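The same subunit A turns up in both complexes below, where it pairs with subunit B and then with subunit C.
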Partner chain A sequence: MMNLIREIWQSIVRRDPLSTDKGKTELVFLNVWLHIHPAKVKKENMKFRHTFYLGFITFFLFLILLTTGIALMCYYRPYPPQAYQDMKDLQFVVFMGPFLRNMHRWAAHGMVICVFLHMCRVFYTGSYKKPRQFNWVIGVFLVLITLSLSFTGYLLPWDQLAYWAITVGTNIGSYAPLIGGQLRELLLGGHSVGEGALIRFYVLHVAVLPAVMILFTIVHFWRVRKDGGLSKPIWKLKDKKEALVTIGAPAQVAPLQAAAASKDKTYGLMEVVSGKPIFETITPEEEEDTVFSYPYAFVREAVVLMATVTTIMTMSLFLNAPLEELANPAKTPNPAKAPWYFLGLQELVSHSAFLGGVVAPALMVLALLAIPYLDRNPSRRLADRKLILWLFTIFVVANLVLIVVGTFFRGPGWALVPPWVHVVGGAE
Partner chain B sequence: MERRLQQIFFALSFLALLLILAAAWQANTPSWKTYQRNFLQLEAQEEPNAITKAAVLATPPEIHQVLLPGLQRVDRCTTCHLGVEDPTMKNAPEPFRYHANLGPHIPSKFGCTICHGGQGLATDKESAHGKVDFWPNPLLSKDYIRASCGRCHKEGEVPGVPELTEGHRLFETQGCRGCHKLNGVGGSIGPDLTSEGANRRAPEWLERHFLAPNEVSAGSAMPNFHYTKEQARALTYYMLSLTNEEMGSFFSSLRLIPSAGFGRQLFVEKNCISCHAIGGVGAKTAPDLLGVTKRHSIEWIDEQLVNPELVYPGSAMPEYDLETNARKALVAYMSSATAEDAQSILSNKTRTMTPEEIAIEAGKQNFSRFGCVGCHGTELQGGVANPNAQGGEVPSLLHVSDDYTKDEVIAIIRNGRTPPLDNAAGPTPPLYMPSWKSVLSDEDINRIADYLWSKQQKAKDAW
Partner chain C sequence: MKFSSEGKRDMNRRDFFKFSWGAVGVGALITGVGVSLAAVVRFLMPSVFYEPPQSFKIGSPADFPFGPPTFLVEEKIFVFRDREKGFAVASAVCTHLGCTVAHFSSDQKFHCPCHGSVFGADGGVQHGPAPRALDWFEVTQARDGKLLVNKDKVVPPNYRLMV
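This part shows the complex of A and B:
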C-alpha cells in the first residue's frame, strides 16, 4: 500500500528528494510552472535593495486582480443601471462583497504605482541596455496595458465618479487629429458614454486586455530568463568593460557564414551550432556565487507574495473603495476629473488641448519606447550616464508634479485651489 | 537568514489567514442580524409554550426585500423593520413598530422608499436612511413626507394633501416654465426640474429658496416672487413630487383605479357634453354614455379614447392626448355618471364663444402655460428685476403696439432676443427672451400675439 502511494507521488513529481542537489535542480527543470526560474541563481541578484522586488510585486498584484476579478464577475451585469445596483448589492448583501471589491480596487491602484516604480528601477540601473532593448519595449507596452486595464475598470461601477472620469478621459483621446473622434466613437460605441461604452469597456477589461497582458508578461519573463536573469547590481560594476548587461555576449564576433548546402546532403545535425549563444553562459568563477533556486529564490518570492497579499488585505479591511451616486449624464460634477493617473494629462490639456492631449503623451510614449535605441552609451554605471539620468528624472518629477496639481490643486472650473481651502458649492 | 525568511513567510501566511477570518467575521455580523434576533425575542415573548418559543427563536436570519421591477427599486427596509405589516406590533419599539394608516399602500407591494426616501438597497441603518455621502435622497422628515403622494397621484386632487394641488397650480400659473423645463417643456434659463424631487437632499433648502432665492443661492437669476410661507411650502411639496420615475405606469400595473372625481373634471374640461349625453341630458350628436361601461368592456372604451377611428372608422370623435390614468379616471366616472350630474354640468356652461374670443383665450392659456407670465407678469405688467438690462427690469407688454408691429412681435417670440444693455461694459443681464419656435407652433404664437393686442392700452387714445 505504501509502495503504491509512493509510486503515485513519484509519478507526479518525478524528481529526486529535495535533500539532494539533483532533486533541487529537478524541482525546477521538471516542473512546467517553475521552469521560468533557472536551477541556480546568483546570490547578488536576490538582494532586496537591488530590485526592491518591484517586478514581482507588480506580478503578484496582477494575480490578486485576476482572482478577485473573476469572483467579482459572478456578481456583475455590464448594463446600466443594473451595474450600479450590483455595486450596491456587493456592498450590502454579498458575503464579503465589500472586501472583494476593496481588494480589487486597491490592488489595481497598487499595480499602476508598482509598474511605474518598476520601470524607474529598470531605468536607473540601466537594465534596458543591450541585449535587453526589446524587453524594455515590451515593458513599456505592459505599462500601457496596465493603464488601459485600470481605465476600463474605472467605468464599470457606473457611478458619477466612473462616468465623468471616463467622459473626461475619452475626451482627451478625441483631440488626436483626424482619427481622434472616430477612435473615441469606436471605444464608446456611440457619441457619449452610455450602454454601448459600458459593454465595450467590460469586454476589454475582462477578456481582451487580460489576455494581451498575460501574453506580454510571458514574453517579458521569458526574455529576462534568457538574458541571464536579473542584470548585475550596479554596485558590482567596476569599470566600463564590465558594464555590459550580458555576461556571455562577446564584444566582437565575426558574423557567421552559413555553409552552402551540399547537393549530396540528405540530413543535417541542427543542434550543432558554432559561436556562443546570445544568452547567458556562466564562467566557473561566477558559478561560485550561485545558489539553488530552491529554496533560496523561492522563499524570498514567497515572502514578497505574502507581504503583497497581506498589505492589500489589511487595506481592504479598513478602507472602502469609493462609490458615488448613480451615473447621471445631466449632472456634471465641477470639476469633472479623469482617474488620478491621467490627471497629469488633464492638467496639460487644460493648458492646450492639442499640445497637452496629443503631442505630449505621444512624445512621452515614443521617447520611452526609443530609450534603449537612442541611448548608445554601453556603460551602466551611474557616473557615466549623467545626462540621461537627469532627463529621465525631470520626466518623472514633471509627471508627478502634474498629477499632484491635477489631483489636489484643481477646484471648480479647473481653477487653482489649494487643497486646504474649502470651496462652497454654488448649487446647494 | 534563510531560517528567518521561512519564519517570516509562515508568519505572513498566518496573518493572511487571520485577515480573511477577520473579513469573514465582519461580513457575518451585520447590524441587521442583531435587529432580527431582537425581533425574534420580541415575538417569542408572545408564544405560550416552550416548543413554539424555541421554534420562533430558531428562525434563520435572512434579508427581506421588496422588488419593484418597473422602477428599478429594491427595498430591503423590512429586513429590520420587521413589524410594519403586523398589527400586533402596534406598540413595539422601533424599528419593529406597525405602520398604521397605510390604506392600500402595503409595504410588501409598494416598498417603503417611494414615499419615505432613503436607500432601499442598503442593509445598515446609516446607509439605509440615506444620511450618507453620495446618496441623493435621504429619508424625508415628517414635515415633507406627504409630498411623496404626488409622486404617483399625478392628476387631480390628492386627498389630505392640498399643498400638492396648490403647488401644481402655482407652478402652472406663475410662469415657472418660462425659465425651467419640466418633462421637456419650458425654458432653459434655470435648471431642469424634471427630477428635482429625486436629487434634492434637503427640502428645507427648496423652501428657503422659494422665500428668498438670492439668500440661499448667491447670484441666482430667479426673481423673488414674494411668496407667502404657505405658498413656498406648497411649491416645495410639488418639487419633491417630481422624480421622473415611471410611477404612473408602474402603479397602473398594480390595478389601482383613479378616482371618478378626476374623471368628471376631465369630462368637463374636454367638453364631452357638447357631443355626448348622459341619460338623455346633453347633445345628441354622439352616443348616450349612460351605462356605456356595461355595454362595452373597459379595454374597448380605453381603445376608443386612444384612437376613435380605429374602433369606428370615420368616427367624428377627436383624438384626445390622455394619459393612462386619465383614461382610467374617465372610465371610472362613466360607470357612475347620472342624468342629474349631466344637468349640473350643462347649467355651469357659459355661453359659446366667437372664433376671435377663442383665439384670444387660447393665446392667454399659452401665455400662462408656457411660462411667459414668469417674467412678463400675469397682467402683462412686467417689472421683474433684470440687472443691467435697459430699464433694469423685464419690460411691460401693455404698450408693445406703440413700438412694434404684430409681425415684429411674432418674430421676437419666434427667435428670442437678448435685452439691450444699460451699461455696455456691465455684466450680461441674467434674464433674456428665449427662442420659442421649437416649442410653439406658428399658430400658437399668432394666438399669443392676438392676446397681447387684445390687452393693449391705447396710448394714442389718451391724446
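This part shows the complex of A and C:
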C-alpha cells in the first residue's frame, strides 16, 4: 500500500527528494508553475529592503481580486435596477457576502496603491535601465489596466457614486479630439449612462480587462526572469563600473558563432543565446551569494502571500465597503466625487476639461512610457541620477497633492473648503 | 536571390513570383484584419438605442406655473413660463461633464454641483470650467394643445413660445 502511494506521488512530482540539490533544482525545472523562477536566486536581490516585495504583493492582490470577483459574479446581475438589489443581497442576505465584497474592495484599493509604489521602487532603484526598458513600458500599461479595472468596477454597484463617477468619467473621454464623441458612445452603448453602459462595463470588468491583465503580467514576469531576475540592490553598486552592469544584460561582445565549434570546443544552445561560455555567465563571488530557490525564495513568497491575504481579510472584517443609495440620474450628489485615486484627475478637470482631462493625463502617460528611452544615463547609482530623481519626485508629489486637495479640500460645488471647516446644509 | 556586382539585388522570375505571392499574402492579411476591426467597431455601435426619445410631450401649458421653472426629472429639462414672454425650455445637463445643474431662484442662476460651474439666467457661463452655455431646446405646441419639446433642436436663449 505504501509503495503504491509512493509510486503515485512519484508519478506526480517526478523529482528527487527535496533534501538533495538535484531535487531542489528539479522542483523548479520540472514544474510548469514554478519554472518561472530560476533554480537558484541571488540572495542579495531578494532582500526586503531592495524591493519591499511590492511586485509580489500587487500580484497576490490581483489573485485575491480574481477569486473574490468570481465568487461575487454568482450573485450579480448586470442590469439596472437588479444590479443594485443584488448589492443589497450581498450586504444583508448572502452568506459571507459583505466579507467577500469588502475583500474585493480593499484588495482593489490596495492594488492601486501597491502598483504605484512598485513603479516608484523600480524608478528609484533605476531598474528600468537597459535591457529592461521595455518591461517598464509593459509595467506602465499594467498600471493603466489596474486603473481601468477600478474604473469599470466602480459602475457595477449601480449606486449614486457609481452612476455619477461614470457620467463624469466618460464625459472626460468625450473631450478627446476627433474620436471623443464616438468613443463615449462606444463605451456606453448609448448616449447616457444606462443599461447599455452597465453591461458593457461588466464585460470589460469581468472578461476583457482581466484577460489583458493576465497576458501582460505573464510577459512582465517572463522578461524579469529573462533579464536575470530581480535587479541588483543599489547598495551593491559600489564602483562606477559595477553600477553600469545590469545582471543578465546581453553582453556587449561579439556573439559566439554556433558553427565555430571545433572537436575539443563545443557550445550548447544556451551559450550561443547568451553569447558567452557557461562558466563566464556568473562570477565566483556572485556564485557565492547564490542559493537554491527552494526554500529561500519560495518561503519568502509564501510569507508575503499569507501576509497579504491576512491583511485584506482582517481589514474586511472591520471595514465595510460603502454603498450609497440607488443611482438617481435626476439628482447629482453635491459634491459628486470620483474614487480617491481619480480625485487628482477630477481636480485637474475642475480647471479645464480638455487640458486637465485629456492633455495632462496623456502627457503624464507619455512621459512615463518615455522614461527609459529619454534617460540615457547608464548608471543606476542614486548619486549619478540627481536631476531625474528630482523630476520624478516632483511628479509623484504633484499627483499626491492633487489627490489630497480633491479628497479633503473640496466641498459642495467643488468650492475650496478646508477639511476642518464644517459646511452646514451644503452637502446633500 | 542573387546579388549583382554593385551589391544590388537582382530578381529572377522565380524570385519575382515568390515576392508576388508574399505581397498577395500580406495584402490579404492586412485587408482581412482591417475589415474585421472595422466590423467589430461597427458591431459595438448600437443600431437601436433603447433610450427615451429626443422629442416628447411634456403636458398642457396650464400644467406649468408662472415664476420659478419646473424641473422635469426624467427629461432633465427646466420649463420656464413667463406671463409676457411665454415658454422656454433649458437643458439641465452641465456642458462640462454632464452633471445635473440646479436652478436657484435666489439668484436666477444655474449651479453645477460637480465642478462649480455657474450659468446665468440666459444659460451663459459665468463661472467655472464649463466650456459653453447651457442648451435651450425648441418647444412647440402639438395639435392636441400639449407642449412638444425637441432636444435635437437647439435654439437661441431668447426663443419663446407664446401660447
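In this section, the second predicted complex is superposed on the first by the 390 of 428 C-alpha atoms of A that agree within 3 Å, B and C clash if a C-alpha of one lies under 4 Å from a C-alpha of the other, contacts with A are read in each partner's own complex, and residues count from 1 in each chain.
We adopt the following convention: a residue touches a chain if its C-beta (ideal position, glycine included) is under 8 Å from a C-beta of that chain, and two chains touch if they have at least 3 such contacts.
All of these numbers come straight from a predicted model, not from anything done at the bench.
Using the superposition on chain A described above, determine whether A:Phe395 touches subunit B (first), subunit C (second), both, or neither.
After superposing on A, A:Phe395 lies clear of both subunit B and subunit C.
A:Ala330 contacts which: subunit B (first), subunit C (second), both, neither?
After superposition on chain A, A:Ala330 lies in contact with both partners, subunit B and subunit C.
Figure out whether A:Thr310 sits in contact with subunit B (first) or subunit C (second), or with both, or with neither.
Only subunit B is touched by A:Thr310; subunit C is not.
Is A:Phe221 contacted by the first partner subunit B, the second partner subunit C, both or neither?
Touch partners of A:Phe221: none, neither subunit B nor subunit C.
In the overlaid three-chain picture, which partner chain does A:Trp164 touch, first (subunit B) or second (subunit C), both, or neither?
The second partner, subunit C, only.
Per the contact definition in the header, classify A:Tyr296: touching subunit B only (first), subunit C only (second), both, or neither.
first
Please identify the positions on subunit A that touch both subunit B and subunit C, taking each partner from its own complex.
Comparing the two interfaces on subunit A, one with subunit B and one with subunit C, the shared residues are 330-331.
Give every residue of subunit B touching subunit A within the complex, in rising order.
Subunit B reaches subunit A through residues 2, 5-6, 8-9, 12-13, 15-16, 19-20, 22-24, 26-28, 63, 72, 74, 76, 119, 121-124, 127, 133-136, 192, 199, 201-202, 205, 217-219.
Using the touch definition up top, name the residues of subunit A that touch subunit C in the complex.
Spelled out, the residues of subunit A in touch with subunit C are 164, 167-168, 171-172, 182, 185-186, 189-192, 194-196, 329-336, 346, 349-354, 412-415.
Name, in rising order, each residue of subunit C that touches subunit A in their complex.
Going through subunit C, the ones touching subunit A are 41, 44-46, 49-51, 73-74, 76, 96-100, 111-116, 128-129, 131.
Can you check the complex and tell me which residues of subunit A touch subunit B?
81, 85, 88-89, 91-93, 95-99, 159-160, 295-296, 299-300, 302-303, 306-307, 309-310, 313-314, 316-317, 323-325, 328, 330-331, 426-428
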